[in-house]
Each structure stands twice: as C-alpha cells, then as structure tokens.
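To start, I am sharing the structure in question, which I have written as structure tokens.
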Amino acid sequence: MSALVFERFLSTPEIVAVFSENAVVQAMMDFEAALARAQAAEGMIPAAAAQAIAGVCKAELFDVPALVAASGRCGSLAIPLVKKLTETVALFDAAAAGYVHWGSTSQDVIDTAMVLQTRRALALIDRDLSGLIGSLQSLAREHAGAPMLARTLMQPAQVVSFDFKLVSWIAPLVRAQQRLRDAGRAALQLQLGGAVGTLAVMGRHGAAVARRMADALQLALPPGAWHTQRDALASLACEVGVLTGTLGKIAKDISLLAQAEVGELAEASGGGRGGSSAMPHKRNPVASMIALSAASRVPQRVSALLSAMVQEHERGLSNWQAELAESAGLYIATHGAVKALADAAGAIEVDAARMRSNIDALHGLVFAESIAMLFATRIGKAQAHALLERLSNESVNGQRHLRDVTLLELSRDDALRSLFDASEVAALFEPEAAAQHASQLARPQLDALSRQAQGLAESAPWALWLNG
Amino acid sequence: MSALVFERFLSTPEIVAVFSENAVVQAMMDFEAALARAQAAEGMIPAAAAQAIAGVCKAELFDVPALVAASGRCGSLAIPLVKKLTETVALFDAAAAGYVHWGSTSQDVIDTAMVLQTRRALALIDRDLSGLIGSLQSLAREHAGAPMLARTLMQPAQVVSFDFKLVSWIAPLVRAQQRLRDAGRAALQLQLGGAVGTLAVMGRHGAAVARRMADALQLALPPGAWHTQRDALASLACEVGVLTGTLGKIAKDISLLAQAEVGELAEASGGGRGGSSAMPHKRNPVASMIALSAASRVPQRVSALLSAMVQEHERGLSNWQAELAESAGLYIATHGAVKALADAAGAIEVDAARMRSNIDALHGLVFAESIAMLFATRIGKAQAHALLERLSNESVNGQRHLRDVTLLELSRDDALRSLFDASEVAALFEPEAAAQHASQLARPQLDALSRQAQGLAESAPWALWLNG
Amino acid sequence: MSALVFERFLSTPEIVAVFSENAVVQAMMDFEAALARAQAAEGMIPAAAAQAIAGVCKAELFDVPALVAASGRCGSLAIPLVKKLTETVALFDAAAAGYVHWGSTSQDVIDTAMVLQTRRALALIDRDLSGLIGSLQSLAREHAGAPMLARTLMQPAQVVSFDFKLVSWIAPLVRAQQRLRDAGRAALQLQLGGAVGTLAVMGRHGAAVARRMADALQLALPPGAWHTQRDALASLACEVGVLTGTLGKIAKDISLLAQAEVGELAEASGGGRGGSSAMPHKRNPVASMIALSAASRVPQRVSALLSAMVQEHERGLSNWQAELAESAGLYIATHGAVKALADAAGAIEVDAARMRSNIDALHGLVFAESIAMLFATRIGKAQAHALLERLSNESVNGQRHLRDVTLLELSRDDALRSLFDASEVAALFEPEAAAQHASQLARPQLDALSRQAQGLAESAPWALWLNG
Amino acid sequence: MSALVFERFLSTPEIVAVFSENAVVQAMMDFEAALARAQAAEGMIPAAAAQAIAGVCKAELFDVPALVAASGRCGSLAIPLVKKLTETVALFDAAAAGYVHWGSTSQDVIDTAMVLQTRRALALIDRDLSGLIGSLQSLAREHAGAPMLARTLMQPAQVVSFDFKLVSWIAPLVRAQQRLRDAGRAALQLQLGGAVGTLAVMGRHGAAVARRMADALQLALPPGAWHTQRDALASLACEVGVLTGTLGKIAKDISLLAQAEVGELAEASGGGRGGSSAMPHKRNPVASMIALSAASRVPQRVSALLSAMVQEHERGLSNWQAELAESAGLYIATHGAVKALADAAGAIEVDAARMRSNIDALHGLVFAESIAMLFATRIGKAQAHALLERLSNESVNGQRHLRDVTLLELSRDDALRSLFDASEVAALFEPEAAAQHASQLARPQLDALSRQAQGLAESAPWALWLNG
C-alpha cells in the first residue's frame, strides 16, 4: 500500500496500484532487463548474461519493502536495487552479475520507471475521461433544450438550456484529452545517458542500445539523454493540471446545483457513498468533493514540478528528487477525480422540473435584459434601460411577475403600445424560447465534440497498459 | 507606469508597456470598434453609428487613470469604460451612443483585450527566444569540443564538451518555442458571448458578427463563448511556465559557472549592470538573477491560474477576476527573463582554459569510472571497482594524479600489465578524448535544432504585433 | 500609479498608494536621512553633511519614474537612487555628497524601505480588521438566536443560530489580528549591515548608529543584519495568508447564502457596485468576490515568499529580488479583501424569515438525527436509526413533514407510545429550540471575543502610520 | 508502509511511522476511547459500556488495510472505522455497541487524530532541531574567527569569519523553534462538536465531556468546535514552512561551499550515503539535497493548506479533505530535512585552510572597498573610488595582489603618502583583521542564542510523545 491514509478516499485502487512500491520496482526491473537484452543484441555483453539478468528481473523475487527502506539510507532507490539485483544474478551466474546495469546510471533506471508508471496512469485517466465525456454527451442528448438558469457571479442571469451548459463542460474535456495525448506522446520517452548523459561506457554502441530499449519498452527514443531537460514531463504535468481544472469546474457546478435550495442535479447515492443514516435527507456530492479536492491540490503539484525544473548542471541536487516525490501525487489525485466524476455522470439525477421552477421563482426578472433590448431598438437604449429598471423595481417591490408589470405598462402607455405588440413582448418571457436559442447554439458544437470524442476513444494510445 | 516598483528591474520596458493602463484600454477600445463595425456590416446597427463609435475608440481621448480608478468602485474596468465611451459617442452622435457595446458583456471586452495583450507579449517573448537560441548556437559552434566538467549533484562527475552542455540548454528552448506557438494559436481567440454566452441579444446575427470580429482582430474564432472554459489560456500559461523553468535551468548553470571559484563563464558587465565600483572584482550575474527570479515566481502564477479555472456556472465569482490579476505578471516576468538571457548569451565570456584547469585540478579522479569500466571488461566489474577505489584513495591521499598512480600500479602488477597496455590506459585520462565523444553526440543534435530553430524564426506568427 | 490594471478593482486606493513608486522612494530617502543623522550624532560624519543630506531626502525633489526606469538597467533601485541623491547633495554641499549612504549597502536601504511600507500596510489592514470584527459582532447581537440551517458538505445538516455561525467567522479574525500584531512586531525591524552584514566601514560605531536609526524610524533593533535571514518577514507574510484564508471562508459563506435560491444574506448594492442596470434582479456579491479572489491568490504569494527564503550566502541571487517583487502584492490583495468585507459587513442584509423558510422547506428532515438520538436512549441506537430511516423515507416519498409522519407512527405503535411522549417528540422539531441551544454556546464565546477585540482595537500599534 | 516510494529517501522511518495507517487508526481509536470514558464519567453512558468500548480501541485488533481501503468507497475513514468498532464492541457487549462514537461526528475523530499525529511529528522535529542547533553552535565555537569569504549575488564580496556566518544559520533556527512551539500550543487542541459543532446530542453534558477528553488526551480545550476554523492549524503549517525555508538556506550554503571548486565544507560520507564507488572523488551532499528538496516542496504544501482554509459553512466540501491529504506530507518532508541536516552538522568537515586560500586567490580585491573607505576619509569618496578602481584594474590585468599595487602607488604618490601610512594600508589587507571584526559581532549573538536554545532544549513540550 503506497498512498498516504488520507489520500485513499480521494483516489482509486487502480491508480494507487500503479505507483505502489511493487509496481515501481518492477518497472525498474523492466528497465534493467531491457538494458541487458539490448546490450547482448549489440554484442556488448554475452547473451547468456542478458538471459541471466532478465530472468531475475521480477519484483516478486525481491523484498521490496526492504529495498524501499534501504533507499532512505542511500539517497536513491536505484542503489540498493542494483546491488540486490547484482547479488541475485550472482547466485545463478557470477559472470553475468558484472553486467548488471552496465554503463547506466541511477537516473536512467528511475526516470524510465517513472515514465512507464506515468504511461499506466495516463491510460487510466484517458479511459475514464472517455467515459466521463460519453456520459455527459448522453445527458446532453437526453435533456436537449431543457430550460435552465444561467448564473453569473453566483447570481441568476438569464435562461439557457441544460445542453448548452453541458457544452461548457464537455468541450474543455475533449480538448484536454487531445492535449494530454500530445503531451504524453512527447514525454513518454526512454531515459538512457549513463553517468553524465554521454553513454561513455557504451562507446559506439550507445545509440543502438538506446534504440533497442525504446523499441522493447515501446517508448519514444529521444535525441539524447534528458537528465536535466525536464520540459516534456513538466508540460505533461501541466496538461494534467489543466484537465483537473476543468474537472473542478464541472464539480463546482454540480455541487452548487445539488444544494438542497437549488436541487437541479443530484449525485446518485448508494454503495455507502454520500448518504447518511443519521441525516437521511443528505445527499453529499462525494464525487464533486473528490474532483474539487484534486482541483485545489494539483495546481500546487504543478507549481512544485515547474519549480523543480531548475536542475543544476548534468544532474540536479534536490530538484530532480523533489520532482520524483511530487509526480505520483499529481496522477493519483487526477485519476481519483476523473473516475469519480465519470461514475457520477453516469448516474446523475437531473431535475428538469426544478430547473424550470427555479426560473419561475424569479418572476421574469431574468428576462429584463431581453425586453430592454427589444425596447431599445425602437425607443433607444438609455430610455429602454430606464424603463426596465422601473418596471423591474415594481415587479420586485410588488412581488408581481415582470411580464404582468410590463404588459400592464404597455396597456397604459399609448406610445409604447403603438411600437410593440403585447404578444411579441410576452413571447420574450418564455423560458422555452431562450432555451431553444441556446440549444440551437449547442447542438452543432455537441455534434462536433461527439465526433472528436469518438475519434479519440477509438485510438486510445495507451489502452494496452491499462492492466499493468 | 503599470508595474510595481520592484518588478521593474526584473522586467523590460517593452513588456511593461504591453500591460500598461493605456495599452489595455486601447485593446478594449479595439474590441468595441470591431464590434460596432461587424454589427454594421451585418445590418444590426446603422453604418453611421459604427463609424461614430469606432471614431472615438482611441485611448488617448480618455482619462485612462480615471477609468482605472473607477474600476475599483465598479468591480470591473468594462463598466466605467463603456459608460465613458457611450458618453463620448453621444457628444458626436446621440443615436449612435445607444449602440455602444451592443449585445456584449464585460467579460467579452476584457477577455478579448487580454488576448490582444497576450499576443503582443508572446510576440516579444518569441522574438527574444529566437535571439537567445541563436546566441547559444553560436557559442556551441565557437566552442565545439572544448573539454568541460560535467557535474552531478553539484559535484564534478566526468568530462564532456561545452557544446554537449549547450545542447541541454538549446533543445528545451526550441521545444518550448514550438509548444508556445501551438498553445498560443489555440488560446488567442475572440471572446464574444453576451451576458451568458448565447449572444441572445444579437439573435441570428451572433455567429456572423463573431466571424467578422475575429477576422478584423486577426484572432481565432472559437466554436462558442469560453467565459468559463479557461483551458486554452491556462495551457498557454503553463507553457510559459515550462519555458521559464528552462530559462531558470540555464541561468542556474551560468550562475554556478560564474562563481569566482569556478570561473568558466562570466556575464559581460557594462552599462551599469553587474559591476560594482566599490567591489571592482565583482561581476554579478544580473541576467541569471533575473531569469532565476522568474523561474521561482512564475510557477506560483501558473498555480494561481490553474486554481482559478474552477469558475462557477456561466461567469465565475472571484476566480475569473483572480485570473486577470495574475496573468500579466506571468508574461512580464517571463519576458524579463528571456530578454536578459538573450542579451547575456550574446556577450557571455567563456574561459575554456579555466574549464580545462578545473578538470586538471581533480587529478584524474573524474576518469576513475572510465578506467574501472575498461578494467572490468577483462578482470570483472567487482574487482575493477575495488581496484579503482584503492587507486583513487591513493591518489587523494598522496595528492598524486590518478593516471600516475594507475600507471605505477600497472607497472608493478604483472597480471594487469599482461591485460592492458599503458598507452591504452593513459589515453582514457585525456580530457580531449572524453570531450570529443561528447561533442560527437552533440553535433547532430545541434544541427537538427539549428534547422528547427531556423524554421521557427522564419515563420514568427506574431511578428506583426511586436510594436503594439 | 503602481498596481497593474486588473489588480485595481481587487484592492484599495490607500494600499496602492502605500506601494506606489513615490512612497517607496520616499521610504528609501527616509532611510538615507536617518543614516546620515545617526552617523553625525556618533561623530562619524560632520553635522553639516548630515543636514545637507537629510535636507534633500524628499521624493518630490526627484524624477521618481526616471529612477524606477533606471532600476531596470542597474538591477536595483538603490543604485540610481543613491547616485541621484549624491548628485543632488553635491549641488548644495560638495563635501557632504561624499557621505551619502556611507557604509551602507543597497539591501539595507531597500529592506528598510520595504519594512516601512509594510508597517503602513499593516496599519491599514489592522484598522479595517477591527472594523470588520465590530460589524460582525453587531450582527451577532442583532440576530442572536435566529434559527438558521447549518450545512455540511454543501448540504443542509441541522439547525443552529445565526450568532452561532458568526462565532466561526469572528473568532479566527480576532486570533488573526493578534497573530498579525505579534508577527508584525518581530518583522518590523531595521536592516543595517553594510556590504556583508558586518558594518565594517563604520568600525566601532556600527552598533550605535543602528540603535539611533532604529529609534528614529521607530523600528525594532535586530541583533544583527538579517540580509539572508528572511524568517521574520516570511512568518509575517504567512499570517497575512492565514488572515486571508479566513476572509475567504467568510466570503464563501456569504456568497453561498446570497444565492437567489438561498437568499439568507445579501451584500448591499449601491455606489455602482454589484448592481446591473441590464439585469436589475442581480445583486452581485462584489465584496465576497474581492475577498475570495485574495484568498485564492495570496497562498501562491506566500508560497513564493517561502520558496524565496533559500537565499545564498550573504546576499541571495534572485530570491531576495523575487521576494521584493512578490511582497507588495500580498498586502495589496489582503487590504482589498479586508476593506471590502468590512464595508460589506457594515451594510449586509439579513433575511431571517428566509433562513426560517429554508429550514421549513426541508420538512423536518434536519431533525431526524435528534429524534433518532432520543429514541436511541430507550430502544437502542441501531433500532432507532432504522426506524428514523424508514420514517424519513416515508416523509420524502410522501412529501409530508417528518414530524407528522413520526407522530403518526407514535400514535400507531403502542410500544413506542409507552416510551415517548408526543409533546416531547414534537418539541425536538422546533427550530427555535435547536437555535437556542446553539446560541447559548455562542454567547460566552462572543463575549470573550468582544473583550479581546476591544483590547486589540484600543492598542492599535501602527495607527500612527495610517496616513503615511 | 504509508509514504510514496520516492518520498522515502527524503524522509525518515520515524516520521513515516507517525503517519502510517496503523498509527492514524490507533489515534482515532484513542479518540473513541476517550470519548466513551468521558461520557461515562459524566453519566451519559454506562461505565460498563465505556469500558467495553475502550477495551477494544486497539488498532492491532482490526484489519487496518481493509479499513483504509473501505475509506475509498465511503469518502471518509471514520465511517468504516466506527462501523467496525461498533461491530467489534457488539461481539463483547451488545448494549455498549450503541454508545460507540455517541454524539460525535467523523470530523471530530479525524481532526483529533490528525492533531495527535501532528504532536508526534512536532516532537520529532523539535528534538532534531535542538540537535541541529547544538551541532552548529559547536562548529561556531570550534572555528571562531576563522577567515572566510562572504559572498553576495554568488560572487565573493568581503571577508568575514565562519562563526559570523554560522549566526545567520543558527539565529533563524532558534526563532523557528520558538515560533513552532507557540504555534503548536495553539493548534494542538481537541476537536469535538458533533454534527454541526453544537454537540447537540450531548445536551448540557457537552462542555464537560470536552473538558475531560482534552485532559485525557493532553490537548488544549478550545472554546468551541473549529470544524471550519482552520487558522491555528494553518498557522502551524506556515511555521513549519518558515523553518523549512531556513533549513533550505543552510543546505544551499553547504552545497555551494561543498563544490569541489570551493571545497570549504564537506558532508561526511559513509553508511552508503553520498559516496560513489564508481566516482570515488564524489562526495555528494545528500543531507543538503534532502533539505533543499523539502524547502522547494513544502511551500507548495503550505499554499495548498492556505487555499484549503476557504471551507464552506459548517463543514467544507473538498477543502477539509484536501487539507487532510496535504498535511502529512508537510511534516514528513520537514522531519526528513531537519534530521538530515542535524546528522550532517554533527559530522561536517570544515576546511579552514581552503577558506583562507579561496580568499588569497582573489589577490586582495575583496579588500578594495575597505581601502577606498579609508582613502575616502581624507581624499573624498569620489576620488577614493576612482583611485581604487584604477588600482583594482591594474591588479586584475597584471595578476598582482592589490596590496602590492596599492603600496607601490603609495610609494610613488607623494600626496597620498603624506596622508596614509603604508602599514595602516597593509593592515586592511589582513583577512584576520576582517574576520576578527566579524567574529566580535558574532560572539554576543552566539552567546544569547546559546542561552535561548538551552532554555528551549530544557523545556521540550512534546518530548513525552517522541515514541508514539
């Protein structure tokens, strides 16, 4: 178990497993096995040595907690791991032991292992992002055109439709998925440089060994070691941060809409989540809680990783190590968030009637601007605004619907009546009309997003690594 | 003057001007003019009104400091600006005044203005990034193959070449420029949505008006308003952060190499910078100071912008405003950094002799691993390491060059002498050989980077906006 | 004007003035004048020289924007300032010019100036914090015992009283004020060390000069220079951050309670703030917006300042400069927040009837736990919980008040009726009773806080510097 | 094992144990036992029930990993823990089971448990901070007056003494320890409020139960629940951040002084740390690496905790949870840093000869300002500076010691010779004199710090909790 106690309920068992001690150690072993095989293929070391080494590169053969504990003393996990691996190889083949980790350096094996874990993390995030996008699209189809309040500065503003609102959730998710894939492709690359990046010990074989290893591990082959060039990893972390920002935005909206006093959405309870036997009226928005928590924590991780880019010379003192320590948490929190929202979106309860009654409770005031704009076209903007301000005040003070107040005004004011038809004015107070307009804007966007998401879902680049 | 006192010497007059009150107000005016013209072209408002409006959309006609001061009372700069603009239009054409800002909202004009300023900021950063890359490439050509210590964990490790080191500075800069351009292209888009993003007031004209405005302002046309979809801007800010991380890495290396005790590089003094009349021996690395300062401040800005993505509903309360307040500082600090390093790189003093003498001062110990690796091929890794450890200790304790100690050992140990030739061993102690190997790795990378940088320099997408 | 455009509406004119170019330059001049006078008093320089120097230490005599612009070239504001000051003194007294800034260093004058500005900032924050606390206490007295929903995880939980809630706003503010004062007292100290902190040039006079300067500037006298000991300033910044966190918490609650659908509180509109002529129903919580914005930005500034503590040797390269650049923003945002909330709290509209109707709208479900606890005392916790879960479901499904459902159950179930009295059960459904209990807890805390706040208000340590 | 793989070598086994799953669960059990006992003492529940509950409040009776895994499903660790505890009590005493967690809420037990863990963390940090301070004081005594370069902006500036430099390391540590204790005393308080902070279920017994629990757990008794008043905890976290900033500053200095080219300090190698068999010349400053890493990571944690203060209403949605998830890492990193430096400081190797030779290598240029100041007293500042600039240039260009150049000038220039004595001038070039002056400033400060540290060491408030 490798996450801290209070990170568990903000994450998922799958992502915790990705960064578990065992998984990290196995990834390091995978590097060592690939290195030995590549060197044998290039004739640098005997084929038998490579076989002996690769044969024991299995985490289950090692006392992983002891290795991790030893890393505390050595200042690096690679040192005890290479030592133990060498000893273990020597049990079977003393000569082969000398070829373990040949020409490589601690940072090579640790960076490559982190890249391998990151790929698995991205696979999980990518999968559940597709699920979340899909569920939101279903919601948009199901509730197309449903009138709903738009709110600005946390106050009701005008009427839109629920599918219009969903576009503002879906579009940045689809873009995030695209950007994550681009950034991932650039960042998931082999690290192999030896002590200072020159692969000096491998002589003329260096490039070929690197090519073989990249092939074997299915990683990109960089033009050289990137020991202190952390930009690709940092850029990937940033895109994870941007995704989490969007997840937080969605979760914030859900949590606001799920307030008892608003009641337009509710996260499904059940499975022990969100409900409370003591307070049976409570429907805690637990998925939103998880996503919001990620959105508040991840930016600080991104900041830590950007700060850690300032790595001295050919290997950093403290910044590379800080980067390692901060990276996993970023992916753990983000997968927790995307998975929680994906689950929630698939079962979210939409109360369209409540959406409508929340509009009605405002007595038509949210249509004041529309009316003012209509009036402005014929009596001028200033006068129209002044008029609507007065009518709105009458509506508020008299607790009457602004439509009624306005139509009464129209019936009393000959000048106005000559310019505007009562039915024309009354029509602007129809929530359905406003919702219809919004929904018409939303639909082509939703269609385009759907096609894009479909394309992304069909080409999932890391699906192979979903299960370790 | 719009930057805080103690940000001035970390920035440049050019970038400070981009985010000056006047420039921001002018960009808002540009939006209003483009809006009126587009609406006239679509027949929404009279052509004369558009002309009247556009005619006064000039910041110099307004008391800009008064507008900014009024923004403090109104909670938004758009409110007093639109009010003053309307009054001013009314002086010339009362009817036209009613069409000012028609169907738009504060966030439309403010976001679009920020996008326009951001484009100018990117133009400056992009220009000086090309300059910096060019200067570093010149250095790499000039000092190709010069032996230099590689240092890991702030300790000397092995010998590389100066051009090999320069690859680790140049490569992430070139990638940063490419990513900045991609992120910029996605983020530099028109904002136009009206009160809640539906352009309701513009009715069926909305889309056409938006298209015309995007054309006029030479901005990308988004599929809809992005009032609370901040991902493209956040992703751009992240890439600025990644660039600054690389600038910080370079500056850190320069500042370490410029220490009197190391003395391999020096920033040129002159023009009042970096020198000290009281302490004439001082050559303060002022450009590095500026870049390092940016690298430590920018990550927190990125964090603030990512945190600010969680914007409620159709317009955020506090987070959009926080984003506005944090954005400019990001670009100001980054241009300060890239300009300072570009200037410094063009005049940096390289002391290749000192690079060499710093290697020599280590008495060959940095070659211990190479020798061990050579010995390992014939006497086994364990034995080779044990031998080199002993020889190295003798070298340290006796203050003798490891080469001499090793050759003496060779001359005394028959077994060893039968396996290795003294000249073969001595050759490994040649800094030039190690540097040569590193330089050979560096050259094709430098060539590829040079082509890529050339291509980028020739296609500078924002050069038009370099001068406002 | 010294703040960035989009920071203006999140700040106040007073705090912007504190960190204006003129004010900072004047504070630096105050340092130089105090230095010259102290050195004259100690016989280090002629009295006439001190008089000549002090006589021109007036910012209005200088072209301040030119000095600030020159700081960009020099890498420090002190260098052009001392140069210009020396030239100006020389106009009147050539001999005196030689004694300007004698034995001091750039960091001495800049750090001390920042301390002087920080004191003025703290004076403003402290004053408005007292005002905010006072207004909240008035609210607590006025609305003592008013029933109100307590909400957990953004869902209604149980009933408390409005004064009980106010304790959770007031108590951390009072503690923040106390901690700010303690931290301020420790941090507001003279900086005087000369080139490397030893005051070497002043010889045996150093300590006495420092003592005189601290007296004259009314600053604490530290045991030595603190050029790279930034802990006291960082700790002060942290306490500002903690205060801002509490301001954000209050603002978050207000903004949630001010949603139209909740409607329990409203920020007064007026003065152009928060209202909207286009949308007359809107009552934007502008003060909350400002405070929330500060609460999201300030933590990143604190992070920047903590990161900047790692200052090399006897004067940092980049981190000291980053600290200078980040500090002002912290105080500017925080004063904006405290002032906005102080103004808002003095005019906040409390809708106690809405608080009550929001409770009633939940049909008694918020009392389920109380009833369960009563039942548990006699029928066991497990059985009681199961019973209430069933009754609550009946209440929800049947849209009936839980009280009615429960009393019906009581009337039907002989065993239950033998254990509980209907009136006893009905009493637990009274919001007033729950509110009363909460209010009784609140009152002694409010009294104690009131006494503490009173004491703090009477001893305002920086009131002298409220006006510059 | 509860820390992430790559945090292990940046932390200590002791602090990892403090925040282990078992330890956290035991602390939660301690809360439940104390609650039951206090309620029994107040007659709220039967004494036998309390005994039955307290009797099984032992983490080793439970499947802790299963509880933690279940927390992922429930959204809280308290829910499965209370459930399991209730079931376990029921095995022995069915009636008692009904009294488990009576009247309390999840946040009560989780917050109190975190406070208990935090106290253990502070005990460890406090102990090793005393050790670090003690070792640095020993160094200061041992090397009192040793001449050493002071460096500003990473360039040599003037000469001080090693004990003068040590003051700038020790003083902020002693202040940090004092502030940590003050902040700790305020923050280490019982959390007990029940569902919404009113302890409603406990009726009139609430206050007495809280008092008894605070006594039993030896925690401070707050005036009320602090479910959404996080200021005391945040302030404590800040002080941890300030401490880490100072640790980072010390580590930065050590790592710079330990560069091979500077060589004034070295961290002792041994025990597998810092050495390298492949590169025997390497003495990696591993302790500095750990402390620097903490200093770059902790500020972001502080930022996360400050951001998380904005907790809604009576229990936050996401921010409280984020706070829990971020807190442990702060203490883990900080203890790693303080322990690493404490160990390093006790065995650090000081090369006073190298300190001296690094001064000499600068050919007297670091004394230029002292000479200029001497000359200025008689020939005026401007002329003195001009002269020294010329002499310094001659020194640099001619590779001659500035003393020799200056004395030659004196011998040639009659006017000068009449004003200054050659021996007076030569004396200023003595490193020992400058070091002596610095050391005299340092000594009284060191004495005062020693007394203060002594007092702190003798009153260690949390020593009781050093071992769990």
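Letters A, B, C and D mark the chains in the order given here, with residues in each chain numbered from 1 onward.
In the analysis below, contacts are C-beta pairs under 8 Å (C-beta built on N, C-alpha and C of every residue); 3 or more make two chains touch, one makes a residue touch a chain.
What you see is a predicted model; the values in this text were computed from it and never measured.
K.L.:
What is the set of chains touching both chain C and chain D?
P.N.:
For chain C paired with chain D, the chains in contact with each are A, B, in label order.
K.L.:
Between chain pairs A-D and A-C, which one is joined by a greater number of C-beta pairs in contact?
P.N.:
Result: the pair with more contacts is A-D.
K.L.:
Could you state the distance in Å from the CA-based centre of chain A to that of chain C?
P.N.:
33
K.L.:
Express in whole angstrom the distance between the two chain centres, defined as the mean CA positions of chain A and chain B.
P.N.:
Centre-to-centre distance between chain A and chain B: 25 Å.
K.L.:
Which residues does chain D have that touch at least 2 chains other than itself?
P.N.:
152-154, 157-158, 195, 251, 255-256, 278-279, 284-285, 289, 292, 295-296, 300, 303-304, 307, 317, 369
K.L.:
Quick one: which bits of chain A touch chain C in the complex? Just the residue numbers, please.
P.N.:
Of all residues in chain A, those touching chain C are 152-158, 255-256, 258-262, 277-285, 289, 300, 303, 307, 358, 361-362, 365-366, 368-369, 372, 385, 388-389, 392-393, 396.
K.L.:
Touching chain B in the complex: which residues of chain A?
P.N.:
Residue positions touching the partner: 95, 97-99, 102-103, 150-154, 157-158, 160, 164-165, 167-168, 171-172, 175-176, 179, 186, 195-201, 206, 223-224, 226-232, 234-235, 238-239, 241-242, 244-246, 248-249, 251-253, 256, 292, 295-296, 298-300, 302-304, 306-307, 309-317, 369-370, 373, 376, 380-382, 434, 437-438, 441, 444-445, 448.
K.L.:
With touch defined as at the start, can you tell me which chain A residues reach chain D in the complex?
P.N.:
Interface residues on chain A, with respect to chain D: 1-13, 19-21, 24, 65, 68-69, 71-77, 79, 195, 251, 255, 271-274, 278-279, 284-286, 288-293, 296-297, 300-301, 303-304, 307-308, 317-319, 321-322, 324-329, 333.
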